[in-house]
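So that you can tell them apart, the chains are marked A, B, C and D in the order they are listed, and the count of residues begins at 1 in each.
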Amino acid sequence: MSPSAQEAATIEEHDPLALAFRRTRDHSLIICQTLELEDFGLQRAEFVSPPKWHLAHTTWFFETFLLKPFLDGYRTPEPRYEEMFNSYYNGVGSQYPRHARGLLSRPTLQEVRRYRELVDAGMSKLLAQSAHPERATIEERCRLGIQHEMQHQELFFTDLKYSLSINPLAPAPWALPTGGNEIPATSMAWSAFDGGLKEIGFDGHGFSFDNELPRHRHFLPPFALANRLVTNGEFREFVEDGGYTNPRWWLADGWATVQEEGWEAPLYWQREGDSFLEYTLYGLLPLDDAQPVCHVSGYEADAYACWSGARLPTEQEWEVAVRAESSAFIDAGHNLYHPQPTGHAAVLQQLFGDCWQWTSSAYGPYPGFRTAAGAIGEYNGKFMSNQWVLRGGSCVTSRGHVRPSYRNFFYPRDRWQFSGIRLAHSVPDN
Amino acid sequence: MSPSAQEAATIEEHDPLALAFRRTRDHSLIICQTLELEDFGLQRAEFVSPPKWHLAHTTWFFETFLLKPFLDGYRTPEPRYEEMFNSYYNGVGSQYPRHARGLLSRPTLQEVRRYRELVDAGMSKLLAQSAHPERATIEERCRLGIQHEMQHQELFFTDLKYSLSINPLAPAPWALPTGGNEIPATSMAWSAFDGGLKEIGFDGHGFSFDNELPRHRHFLPPFALANRLVTNGEFREFVEDGGYTNPRWWLADGWATVQEEGWEAPLYWQREGDSFLEYTLYGLLPLDDAQPVCHVSGYEADAYACWSGARLPTEQEWEVAVRAESSAFIDAGHNLYHPQPTGHAAVLQQLFGDCWQWTSSAYGPYPGFRTAAGAIGEYNGKFMSNQWVLRGGSCVTSRGHVRPSYRNFFYPRDRWQFSGIRLAHSVPDN
Amino acid sequence: MSPSAQEAATIEEHDPLALAFRRTRDHSLIICQTLELEDFGLQRAEFVSPPKWHLAHTTWFFETFLLKPFLDGYRTPEPRYEEMFNSYYNGVGSQYPRHARGLLSRPTLQEVRRYRELVDAGMSKLLAQSAHPERATIEERCRLGIQHEMQHQELFFTDLKYSLSINPLAPAPWALPTGGNEIPATSMAWSAFDGGLKEIGFDGHGFSFDNELPRHRHFLPPFALANRLVTNGEFREFVEDGGYTNPRWWLADGWATVQEEGWEAPLYWQREGDSFLEYTLYGLLPLDDAQPVCHVSGYEADAYACWSGARLPTEQEWEVAVRAESSAFIDAGHNLYHPQPTGHAAVLQQLFGDCWQWTSSAYGPYPGFRTAAGAIGEYNGKFMSNQWVLRGGSCVTSRGHVRPSYRNFFYPRDRWQFSGIRLAHSVPDN
Amino acid sequence: MSPSAQEAATIEEHDPLALAFRRTRDHSLIICQTLELEDFGLQRAEFVSPPKWHLAHTTWFFETFLLKPFLDGYRTPEPRYEEMFNSYYNGVGSQYPRHARGLLSRPTLQEVRRYRELVDAGMSKLLAQSAHPERATIEERCRLGIQHEMQHQELFFTDLKYSLSINPLAPAPWALPTGGNEIPATSMAWSAFDGGLKEIGFDGHGFSFDNELPRHRHFLPPFALANRLVTNGEFREFVEDGGYTNPRWWLADGWATVQEEGWEAPLYWQREGDSFLEYTLYGLLPLDDAQPVCHVSGYEADAYACWSGARLPTEQEWEVAVRAESSAFIDAGHNLYHPQPTGHAAVLQQLFGDCWQWTSSAYGPYPGFRTAAGAIGEYNGKFMSNQWVLRGGSCVTSRGHVRPSYRNFFYPRDRWQFSGIRLAHSVPDN
């Protein structure tokens, strides 16, 4: 270890930010260890990215927003990366076409790893400059970069699953641990919550995205939330009741999508005689009725809710309910890359570690929201149309990434995230 | 006049509903009097319908929801109309393909007029049966049918304008009245409104659509609304400042649409040297800087607001502000099929009779909203995704159709309605 | 009758060209007499044109290529027609978008008729100038204009049929004459022809298109041609044998088209229980097994031929065979707008008056072919790729328009022409 | 070396077919030695395939048509390969979707190599069975498989080039040899050929594809052929003369394609100021005016010919001319993967080793052509529509693969092959 490396290591021990940076960066490499080199280039559709691209783009983020503006003497290994690994920041410049990320065989994985190392070294240097005149901005952007990388760690899983699933060999990049007691699905129970004028939005210390702010008041009638997620078994009843062939349950745009896409079941279900198989990151498995239904679009979630006589919660209901419950819930309780059944449901379960939960709320700005200046301001604000808010977290969300005020957002037709259904209903106001 | 016709006429005089029915039905024919027969079949895109189809479909509505279920002995002139003139009611049955409505040369206009007469006669008979066991439903559906026909009267204008505008001859189905003093645009003034817990939704007597209900409480921070609409002159500055070529001002989906569609100005503007012409229902005219900008999409409205340093109002802000002002405002003050300038703007102007006003609110259900049972329930509820709410009314809206709680809705990319921009901004809460 | 009109009429009596012009122009109006005004604007797809557009475009042809260059003092009624009614002549200028011809409600039919009268009057004047310095060119172009109008008379029928057929009312613009003995289909007979070095191409006097020239030698092995066209009954066997679901019989592009378009039978067949109905210009009729199969694409013709163990003829085989037979065959023998059965087939039947016959020949230039200079040169030459030659004529071809050397051409996926199947096979060379 | 391996090797020495098999198989691996592993999965468009897929599919061909039917005891390593690596043989079964071949990260390259070894071993065994009852069929199919693999060796280059070219890093999988004298382009010279009744089609011993048969007579007028290919410098004049913006030179379908695709120059040209760069398999290089223009579509070839006052040859003219010249021409004279200039052109040059040459001939069956029975019959016959014949060979064609009667075929819009232009003109017949 060279002196300067040692020095850096020492500083890191005492700098929680440098430590968080290092751990997050390492984690991105750890999660792709079991892949074949051939898997790193897969991109099945414009809306997913290859594993290698995620590794490069997250690096590009630190290079673009931290090293280039703030680290004296920094030189990029390849100026053309600026365009190649820019996702959507028009403020930075034009972008290599998104649909063709899977065609970037060069740089090779090895070269991307070298790019990561170079940028990591630069970041170590920069973070060690505690008296840098832009220290505050550097810290803020570094924190954003870490959260950004965590988001791409989740996308790594969802995108990879989508790309691999078309392969007739049904590849299983991870091996399912043996054992595991089978947990039968329990009947649905509900938790009721009072209405009133509520505070919504991030209120804590530490990091939040700009879209969780400003904290503001929102009036809510009383409501109830299901204690657990809708299961595969329950959703199968909807399928078998002709749910996908009856327009009655569907939003007009949802029904048009069903016709257009030929949907007959959730994304990864494959009919096999009278039952279903499900493609998972552990390969093709028999569908487990007790597990939460996963990889449904917002339209399917809404149609199921309608068919079942309930509805989806609003994002404010979800947030208010979760805050009202105990604080121990963030941990998923399992380390599998697939949502797991819950055995008891006296309180709200499966909040953060199984499936993201569609809400009925269109993704929009909170009252008083303003985007940041510059390219960084493109992070969240420009997506505030046509998407729906999902709350919670999933089994492939990185630890420490989510919180009750976290607002995830996808188009209601999207199905490739680990997205599931938590039901709600209104409660008569006395 | 035959005895029974006389009898019906007498009854009508005393029955406001029958009178409203008759007047609305007549109005649909009056507004298309100046067309050429050839114009009645035009359908330029899937989202517009030919004039003749509007005449037939509004008739179909009364036949399907009133005569067939409630008028003893009613026989349709043509069973195949059930499918041909069904717009989107899956509960009624399958539908003739929407994009091909312009290909229905048969029935001819004369046959459609006969269909109207037959159904009108049936409705007269039915409305005269004051003791009909289903009288309450009949009255309710008749009122809905009248409002439904008024909506199609507006679509008649917007669809026709869209279809005619592609014709290199720039047809002018109406002649512009001569005279008319030129009104210079006044500078922008704002009205401020207090925040607080407000009641939102329909509260009056008489008719409202289900999507205006239930009336409910909504918390609102203080805000200000522009007293008049954004003008052509103001919007031209945005165009000339490169507004359509700079992604900075646009939502991501909006920017993608600009690229995809090649937008460079509002829908009906045509560049001519240094200035613009505008296609109107009075033909191709020089762009009038003092008139409100019209036929902009929600994306363009949002981008303009962003560029100007303001924002679009929420639908609740709009409703609260309008209720707070005097009650005389519903009248447009002119009878032209084109939005007109306003000369004074001490209070909110141009609310209902010039352009619909895009809000930043995604169209969704009010808390506690439930769709009605049966095919009628498809009227509004199933469209509650991906669209934005517009408030107010336009110069082609039928008299008596709108109110402060009225929620119009279109996709943010839609431009063929008479849609304009009213700005808003937040006011610091003391 | 004014003196000059009388004079013109007198001249016409003595000028066969002026007479042919007048008769052709009149015929275009006669064939659309039974239409409703609403039918004149129909355009179901980009590849068809509305009846009114055909009437205007054929007029535009005479105006553009004769009156504007050659008639002193001619003034167009509307300069914008130059673009509106230009089909594809880049040499003349840009063209109104083809897919939107159905949206030209203006000019109205009445205005188009006036345009025709004006141009006809101009043509009478021009043709009366027997000493015009450009007389030879004028005559040549006038003859081309007449043949061009005849082609559009045929397109009038095929396009109208295609546009009306989507209407659930199955409109019948013509009434089927009663009577008519039923003719049973006869078994297939073949005529054999010697091979050798043959002369191909136009050799007669009078008019031919440039694509029938130059006359040239072509070497042909011996072959046989079916004496009649394939019937509906025979084609039905192919359908019922699973012909549309077995890739074995199809060209690769044909099979891709079958999948893409969902073809299950010829264009106008509608399955009704165990049998078929067929949409015709006389309305929806039970499929007549003895009639020639009609409205099949080149791919279907080729697949049927393959399934039946035969093949399609080359265009040279067709031409050689037809020349070898008697010369009385040009007359269809019936005046119906639908192909009719033939009762006897000792010699080649159904050559010109029932269905065009797909050949296996790609449409290309004859050896030594050169396009004419100027916009007129765009008439035929630029279409010599990707299309197939059809030979013969159909029941909606204008009298006097076709001849043995006539080369019609359409894309192999086209089905809206009256196109049928004549089989061929090779004969061992002794 | 095990005894049986030794035995096989010994047999191979004495069996030219086994030797040809081995050499061809080896060659497929040799040509991809310089690639990065990441390059093996690239598929930029449906019409290209990844290198790895070519390696697997050529193996599948031998497995499917030889080992499975004829080698006792053969067991496939993976039954799902049957579908995954089937290109278009409907007779074998359904096919994995073509556009998604780039998503087959599994089997890995290593697994595909093992699949190759296994099949090669099987083939060695089978070829050693000289008394096999199906020996004749085995030999015939083995020869076809070898030629098939050679075709994929060429596609390997063209597909890889197309996929890599989108990468902003402009990867150069091969290094350009240094040195190389610059050869100036010489002026165009022509060779004249007599017309008459000519024999066309394969006449030799050894292998030919079925589409080169039957040999037959074809009558040809006299003609002349250019002694060399059109150069980049000549084609640049066409570009600079506005060739891509003037419809006059283009076939209608070609002009539509130019508009649709936004073509402004040959596929791999990139404008750089006043000159051009060209992407090659040696990276991005300045355009060399003396080299043959390459990667033009049939439409561009035809438009250029038209602009230059010449025309494309027919396939028969090309074949007759080439046969009339000396027999030493098959060798390219260079070993580069890019077409090279020629210095002298007293006779026909650049026939087989630089660029394929577009002809004006539509690809169709020769008189008397019949497809073979079974899935093998799908090899050539089903593609005989909408494509054009190219003659010759290119700098990436495998040695020993082509001959004067060889018929290559592509759609006239295709540009990713090494396709160039040889001009022709007609000669007056005395």
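Everything that follows uses one rule, which is that a contact is a pair of C-beta atoms (placed from the backbone, for glycine too) under 8 Å apart; a residue touches a chain by one contact, two chains touch by 3 or more.
Here the structure is a predicted model, which means the values were calculated and not measured.
Asks: Using the contact definition given at the top, which chains are in touch with both chain A and chain D?
Replies: none
Asks: Which chain lies the greatest distance away from chain A when centres are computed from Cα atoms alone?
Replies: C
Asks: Centre to centre, by mean C-alpha position, how many angstrom separate chain A and chain C?
Replies: 60
Asks: Averaging only over C-alpha atoms, locate the centres of chain A and chain B and give their separation in whole Å.
Replies: Whole-Å distance between the two chain centres: 39.
Asks: Return the distance between the CA-based centres of chain B and chain C, expressed in whole Å.
Replies: That gives a centre separation of 46 Å.
Asks: Which chain A residues qualify as touching chain B in the complex?
Replies: Residues 88, 90-91, 197, 216-221, 247-248, 250-255, 298-299, 302, 314, 360-362, 364-365, 367-368, 382-386, 412, 426 of chain A touch chain B in their complex.
Asks: How about chain B: which of its residues touch chain C in the complex?
Replies: It comes out as residues 36-42, 44, 52, 78, 80, 83-84, 96-97, 100, 102-109, 163-164, 166-169, 171.
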